[in-house]
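Note that chain A is present in both complexes that follow, paired respectively with chain B and with chain C.
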Partner chain A sequence: MTHILAKKSVFGTGAVFRGKISKVGAVDIHGEVYADLELDKLVLEKGGILEGNVRVGLGVMAGRFTGRLHAHSIWVMKSSVLLGEIEYAALQMDRGAALNCRIKHNWETPPPSLSEAKDVSPADMMPAELLPQKATDKDGDAS
Partner chain B sequence: MMFKAQKTSDISVQEVSLIGSDIKTEGSIESPAAIHLAGTHQGDVTCKSLIVEQTGSVTGKIKAVDVRVSGTVIGEIEADNLQITKSGKIEGSLSYKRIEIEDGATVEGQFLQKKSPAPAAKE
Partner chain C sequence: MSDTTLIASDMALSGILHAKDQTVIIEGRFEGEVHADNIFVHTGARFEGVAVTKTAEIDGVFAGILETDALIVHDNAKMSGEIIADSLVIDSGADITGVVTRKTPLT
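Up next is the complex of A and B:
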């Protein structure tokens, strides 16, 4: 008996899904999917079609997307066509990609490095030799 | 580069659809090729061949040339070749040309053999 119990799901070339998808980790789309998705990783392959509202951790887009995409990291490949609205934290786009959409950088959740930096003063970052000398010096020759 | 580079030309055409064990879908799936279903699907499935894995379940109507059920199906199955393995559970009506049921399978419902079964394929 074959076991394809992998967490990943694949909609093959020519496959058409219409409806709702939930409880999903990773999806590859070669065919057509008309659904809302919330998942960790999405790969919309070249030739694939996705329509709906999508919230994803990492999205690799090489096909045609229509709808609202909220992604933490998104890679828009040269064959992709994106229509609608995109919200992202990190974006990479290849030359040739077609975007006809509203794009918004999501500043709601700044990276940890930025939030930690708030507590660091410029003096903490300065080399010791450049810091101002103290006024009183025990071994100083004040006389 | 934010992501590891890949060649776009390496993108392969995959005809087989795989519905993973963690996924829950509601709606209709149509495919000209095979579907391996290990997750939960509520709705109709139309394809060339369907394998419902042990963890898979379908509630709805299945129409395919070849169907193998190792999981659970509640609804209607219309197939030329229907195989129900020992872990398979079916509740509903079955329409088929050829059927095979392994010892241990659970089947409850209406059976109907379609007339004029197709002759064995000749190369």
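Up next is the complex of A and C:
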């Protein structure tokens, strides 16, 4: 049985996971995840739910997050709802995003595993369908 | 939208995954319980726990209880525990230790 290994993990639409995630590099969340995470790249898709303590290098948030988020770079999209606490080094927020949380800037140098994240734009890790539509969607998307 | 949940080879997790109408692909490590339409445990992956699905394909390590309608055990598979299935295909080279019973008893 031949199979090409995937580069990132995905929680699909409607999937609900509760438990402990001890090791992960990159993950897309379309469903619901109730767990603590420490990872390089996170995409919380529109409609996705994430609850827990999260440490991430690059985070793109389009869904609902509740908990403590410690991110080096974070892009908060217009469909996102964030509750709890955010600590960040670089933050971009689209018009319409709902933040109801404590926000703290952090100058801390990212760990070596995340250092390459400094030169990566959030757009580099976005699925095509979530990228801003420049022709039709003019209100507040990232340029 | 994604109708697939994929546990990549660099991921290890333990807990309960409910993925109704979904395909769950495991390339990394999973400990716990999975409820899904289909489950694939690939070569190099490890699953420990309970899986309840409609179909299942195993080509990695599976230890625990698997309840499914149809099961295909590929040649790299190492299965131990209990298999409850209506249909079962085992490729040459697969390693199975445990108990196999029918899901629907013959009348």
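Note that the second predicted complex is superposed on the first by the 105 of 143 C-alpha atoms of A that agree within 3 Å, B and C clash if a C-alpha of one lies under 4 Å from a C-alpha of the other, contacts with A are read in each partner's own complex, and residues count from 1 in each chain.
Definition applied: a residue touches a chain if its C-beta (ideal position, glycine included) is under 8 Å from a C-beta of that chain, and two chains touch if they have at least 3 such contacts.
Note that the structure is a prediction, hence the values are computed from the model and not measured.
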Exercise. State whether chain B and chain C clash or fit side by side on chain A once the two structures are superposed.
Key: clash
Self-check item: Partner chain(s) touched by A:His30 [first = chain B, second = chain C, both, neither]
Solution: both
Exercise. Please indicate which partner A:Phe65 is in contact with in the superposed arrangement: first for chain B, second for chain C, both, or neither.
Key: neither
Quiz item: So, A:Tyr88: does it touch chain B (first), chain C (second), both, or neither?
Solution: neither
Quiz item: Which partner reaches more residues of chain A, chain B or chain C?
Solution: B
Practice problem: May I ask you to decide whether A:Ser79 touches chain B, chain C, both, or neither, giving the answer as first, second, both or neither? | Solution: first
Quiz item: For A:Gly12, is the partner it touches chain B (first), chain C (second), both, or none of the two (neither)?
Solution: both
Quiz item: Which holds for A:Lys20: it touches chain B only (first), chain C only (second), both, or neither?
Solution: both
Practice problem: Identify the overlap between the chain B-contacting and the chain C-contacting residues of chain A. | Solution: 1, 3, 5-28, 30-31, 35
Quiz prompt | Residues of chain C defined as touching chain A within the complex | solution = 1-25, 27-29, 32, 42-43, 57, 59, 74-76
Quiz prompt | Residues of chain A touching chain C in the complex | solution = 1, 3, 5-28, 30-31, 35
Self-check item: Complex contacts: residues of chain A adjacent to chain B
Solution: 1-28, 30-31, 35, 45-47, 60, 62, 73, 75, 77-79, 90, 92, 94
Quiz item: What residues of chain B sit close enough to touch chain A in their complex?
Solution: 1-3, 8, 11, 13-36, 38-39, 43, 47, 51, 53-55, 70, 85
